[in-house]
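Residue numbering begins at 1 within each chain, and the chains themselves are lettered A, B, C, D, E and F in the order written.
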Amino acid sequence: MIFPIFFTFFLLLSSSHASVQDFCVADYKAPDGPAGYSCKKPAKVTVDDFVYSGLGIAGNTTNIIKAAVTTAFAAQFPGVNGLGISLARLDLAPGGVIPFHTHPGASEVLLVIQGTIIAGFVASDNTPYLKTLKKGDIMVFPQGLLHFQVNGGGTPALAFPSFSSPSPGLQILDFALFKNDLATELIAQTTFLDAAQIKKLKGALGGTN
Amino acid sequence: MIFPIFFTFFLLLSSSHASVQDFCVADYKAPDGPAGYSCKKPAKVTVDDFVYSGLGIAGNTTNIIKAAVTTAFAAQFPGVNGLGISLARLDLAPGGVIPFHTHPGASEVLLVIQGTIIAGFVASDNTPYLKTLKKGDIMVFPQGLLHFQVNGGGTPALAFPSFSSPSPGLQILDFALFKNDLATELIAQTTFLDAAQIKKLKGALGGTN
Amino acid sequence: MIFPIFFTFFLLLSSSHASVQDFCVADYKAPDGPAGYSCKKPAKVTVDDFVYSGLGIAGNTTNIIKAAVTTAFAAQFPGVNGLGISLARLDLAPGGVIPFHTHPGASEVLLVIQGTIIAGFVASDNTPYLKTLKKGDIMVFPQGLLHFQVNGGGTPALAFPSFSSPSPGLQILDFALFKNDLATELIAQTTFLDAAQIKKLKGALGGTN
Amino acid sequence: MIFPIFFTFFLLLSSSHASVQDFCVADYKAPDGPAGYSCKKPAKVTVDDFVYSGLGIAGNTTNIIKAAVTTAFAAQFPGVNGLGISLARLDLAPGGVIPFHTHPGASEVLLVIQGTIIAGFVASDNTPYLKTLKKGDIMVFPQGLLHFQVNGGGTPALAFPSFSSPSPGLQILDFALFKNDLATELIAQTTFLDAAQIKKLKGALGGTN
Amino acid sequence: MIFPIFFTFFLLLSSSHASVQDFCVADYKAPDGPAGYSCKKPAKVTVDDFVYSGLGIAGNTTNIIKAAVTTAFAAQFPGVNGLGISLARLDLAPGGVIPFHTHPGASEVLLVIQGTIIAGFVASDNTPYLKTLKKGDIMVFPQGLLHFQVNGGGTPALAFPSFSSPSPGLQILDFALFKNDLATELIAQTTFLDAAQIKKLKGALGGTN
Amino acid sequence: MIFPIFFTFFLLLSSSHASVQDFCVADYKAPDGPAGYSCKKPAKVTVDDFVYSGLGIAGNTTNIIKAAVTTAFAAQFPGVNGLGISLARLDLAPGGVIPFHTHPGASEVLLVIQGTIIAGFVASDNTPYLKTLKKGDIMVFPQGLLHFQVNGGGTPALAFPSFSSPSPGLQILDFALFKNDLATELIAQTTFLDAAQIKKLKGALGGTN
């Protein structure tokens, strides 16, 4: 008989308070903190917490930007909570645009799966970095910098951005400026845009004041 | 009609469990953890969580050190929770002193607004770094090192320290040694101070034993 | 004879390769890396590496924005390298404006020393958080979010922003969009601004295309 | 004349030692450190440092595992240095297998683009988490845990893993045990495998002893 | 009268919400998060939270591996929660073995107190690093890499591993592969081991399928 | 023939710039940065970089504190560079004392191997936490807090502190105050100690002024 039971060993390792610290699947009902959501009790975790199928479905691009973003951040995909990574899906119909935006909490690597995408970011010294990306190309957008993606061809484009945080955030420039009740005058003063331009975009995006 | 509503886009982005992850305003009633306080529900957050007026009031310096420290750490200023930064206010009457102390959890940059301050820290190799700071000068005190500030002129001095953590901690050397019930003998043994000196300071600061 | 020399103790602690790891004063001539600048040799470090006087001088506000920003980031103030903190100075003449901008790498706490400042940031969900700040007030701007400061009174205003990084970065929205050679058409497509508006601002800021 | 030049503003911000701290493109010729490679001089950085095309090419799967892994880690893709993220490409011919392995330095999210993949990881408490992934599915593998991927269908499968580090590392179990000169006896003692089994795999993989 | 009471000073510093942020003793009954357990209320913390005596007792080595591991991780030792460090105890009877394993969340330094231990790890490039350690020797095992320890002499060996995390995790290769219900075929496919070998080890360790 | 060569696989993984990123053994001759020393070229790394024997030798305790500290920090033990951990050795002859000190950059866990040690730390709220530790006991000292160790019995004591950083730093209170040229008056002002007491300790420790 070569292998009797490893009992002492086993006993010692499966001891008190044994929360499995390999992962921290988000428990959306408990309080969250600066490091992310609270952890689900290990006994309630299943493989489905680690798998997400929502990115398999094309977003609806019949809208003004002819584009859709679908996110698998910690708020949607509980398995990435605390693990420093998340994904999203980008659908760009012909003429589609993801307008200038930032991710305040993460760097991004964009992977082009289909079509052609013109992507770019602007550095702090105002230098633009632009490239036309083809199928299989990846491009990195450093954390917090303004960037955009535009369909560069006549066919639909599909891409998957990865992020260096489970909660990268997404601040879309036009929405931040025009899709709220910031006074037109204040926006004019802090952007140098003309009031008429501001009012036009507020009207289009549902902003007031 | 140029700008129809961005409905798909909007829908996808405002989806499930949408805790705003840009910030984590402290909820003092929920459990705290190693990364800070739990986050207030986004719906309850207001601009006042991000603004603190307590540093506008001069501290009362009619005390033995002729000095006062007023803090805007995460425990007082909920908006900095999880954001890696906090501030405080330092009032030094003529002759005022902030005695040797450390911040176990943060580096500090001191900004002098009024008066003259002699500030210094001691490095691990026992080298002292001393400087007389004037209005507008800043000085950095690396994390965890013993440092002090002394009013260097005949007029009140005002300064604002900034910290690299929302909870920098503050351990004042004299208080740590003499303002508690540590036995005089033990303090003598671990500081090489004379018992009489220790008892004198315990008496002044309210320590026992 | 009570205190002979601590020789063993001393010897053991002052041993090999003794770079003082308490701090890492920037050596601007050696290579820098993701964590910051290389460290100056300890023997060359002086107290002046930890003190910076450049924020004591008012910036020149006789310019279009009637404002000036003076920075004490790691690139100017070698002592904060690696220490998770830095400062700057903000001068706002009457009517002065720091237009919408972000710090990709840091949260900011603004301290008002003189005058009145209307400050605000916009969260990822497009909610604006606005406040009129008076002398002594502080306001926190979470990392990476668009924010601005405007002189809110008829007198000069002075404020000091602190940052949670020695290299917070600074991306000014108008400069990023208009002070470079990004094609007007591409900007129009990714911001929804009218071409005329873009060209006007390019003209003012020195952009081309 | 509405927009004179912003000269003061501009001057102050483009001052001394102005390494652009938004990113740190890897300079492979300078020393590297615990946080990654040294940074390329800003003046030498181009958009091509931020774009990588190597993942667009299918790996050669005519090998024993009928699989290929192509990496875009910081060692191949200089733009991700210091940014907390990297990608790779996984080609699995029918019958293809990525055998049990770990990434010591990163969590992984696998995105399936084509075909069917059976993927799994084992937690510290020895619970296996297995799932058959279809096109568009993503699965997260927490940092450091043993995991594998197997082609689950009769057609080629293509997937892209993203990692929470620019240098995630890759330790393939069979290679670590059998593709080196570790003594068969020692392996037997530390894995409980039979010597014959070990020698067979050493033979196949090029190990000795 | 030299030292009146420091009342203002004291008052200002002992103000609102004063959770002692020096430490975060684990509260096992509150939710845990990615950064560790919630903190015990300061008033309930005692010195015994910072002291652990469980490593003073030899583990029972009358088992198949003739070895025992006793852990003082955050799950057993509440005082290390959030502090980036933990310890364990290793008892190796003559012939004892800690088989190949990894710590997904920490680097380890092993300190040998008694006896002789042959220890080794394998790097990502498959290079093994082996050494026979004697009393007083220490060896570091970088995070996430496969490593083992074997009693190298005829007498009991005792060692204490330290870890760079309060929750380093422990994944034992044989247990991960054979002590669960992973199908023999799948293990064969992903390890290249023979089915007979797998079934033999499953039998010894209590695995099924 | 079951196992042909894994050539594609091998080729792809051993590609360009392949610094082994599992570890970063300190290269003491290249520049260091905030994250630690530069990495030795992988080809020059040997197992001896990961093993340190200096802690096997008792420190010389024939000195005033009847104690010796021997460190295996990154400056002495190149293998721990960048890995978040280091060790030291503590020898306390009967009557031996490690006087009050802090580690600015790390938390510590002390492991007692022989003898009895009275250890304690003081929290920011001035509460002392004291305990008499016996063989096998461990005690944690949170980062940056003042703490001490005293031989608590009539026999030599031996202990090994572990640290949560490869470069924890060590600031000994008496040395910081008295073993340099800080003016007696300034020390008196910032510690409330009597000038005579200060001069006595300066004399004993080699300080001047």
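Definition applied: a residue touches a chain if its C-beta (ideal position, glycine included) is under 8 Å from a C-beta of that chain, and two chains touch if they have at least 3 such contacts.
To keep track of the chains, here are their UniProt names: A, B, C, D, E, F = Germin-like protein.
Only a predicted model underlies this, so the values are computations on that prediction, with no experimental measurement involved.
*Asks:* Which chains are in contact with both chain D (Germin-like protein) and chain E (Germin-like protein)?
*Replies:* Chains that touch both chain D (Germin-like protein) and chain E (Germin-like protein), as defined above, are A, F.
*Asks:* From the C-alpha centres, identify the chain that is farthest from chain E (Germin-like protein).
*Replies:* C
*Asks:* What angle of turn lays chain C (Germin-like protein) on top of chain E (Germin-like protein) when you fit their CA atoms, given in steps of 5 degrees?
*Replies:* That rotation is 180 degrees, given to the nearest 5.
*Asks:* So which of C-F, D-E or A-B is the twin of A-C, meaning more than half of its contact pairs are the same residue numbers?
*Replies:* Repeat interface, by the over-half criterion: D-E.
*Asks:* Measuring centre to centre with C-alpha atoms, which chain is farthest from chain B (Germin-like protein)?
*Replies:* D
*Asks:* Once you find the CA centre of chain A (Germin-like protein) and the CA centre of chain D (Germin-like protein), what distance in Å lies between them?
*Replies:* So the centre of chain A (Germin-like protein) lies 20 Å away from the centre of chain D (Germin-like protein).
*Asks:* When the centre of a chain is set as the mean of its C-alpha atoms, what distance in Å lies between chain A (Germin-like protein) and chain F (Germin-like protein)?
*Replies:* Result: the chain centres lie 41 Å from each other.
*Asks:* Could you please state the distance in Å, as a whole number, between where the Cα atoms of chain B (Germin-like protein) are centred and where those of chain E (Germin-like protein) are centred?
*Replies:* 34
*Asks:* Two or more other chains touching the same residue: where does that happen in chain B (Germin-like protein)?
*Replies:* Answer for chain B (Germin-like protein), listing residues that touch two or more other chains: 3, 18, 21-22, 31-35, 37, 83, 104-105, 123-124, 130, 142-145, 169-170, 192, 201, 204.
*Asks:* Mind giving me all the chain pairs that touch?
*Replies:* Between chains, contact exists in these pairs: A-B, A-C, A-D, A-E, B-C, B-E, B-F, C-D, C-F, D-E, D-F, E-F.
*Asks:* Over in the complex, which chain F (Germin-like protein) residues touch chain B (Germin-like protein)? Could you list them?
*Replies:* 97, 99-100, 102-105, 118, 120, 122-124, 126-128, 130, 142-146, 148, 150, 169-171, 173-177, 179-182, 186, 189-194, 197, 200-201, 204
*Asks:* Considering the complex alone, what residue numbers of chain C (Germin-like protein) touch chain B (Germin-like protein)?
*Replies:* The touching residues are 3, 14, 18, 20-23, 42, 46-48, 50-53, 55-57, 72, 77, 79-80, 83-87, 106-109, 111, 113, 121, 123-125, 129-131, 133-145, 160, 162-165, 192.
*Asks:* Which residues of chain D (Germin-like protein) touch chain F (Germin-like protein) in the complex?
*Replies:* 26, 28, 31-35, 59-65, 67-71, 73-76, 104-105, 167, 169-170, 203-206
*Asks:* For the complex, which residues does chain A (Germin-like protein) have touching chain E (Germin-like protein)?
*Replies:* Residue positions touching the partner: 2-9, 12-13, 15-19, 21-22, 24, 27, 30-39, 81-83.
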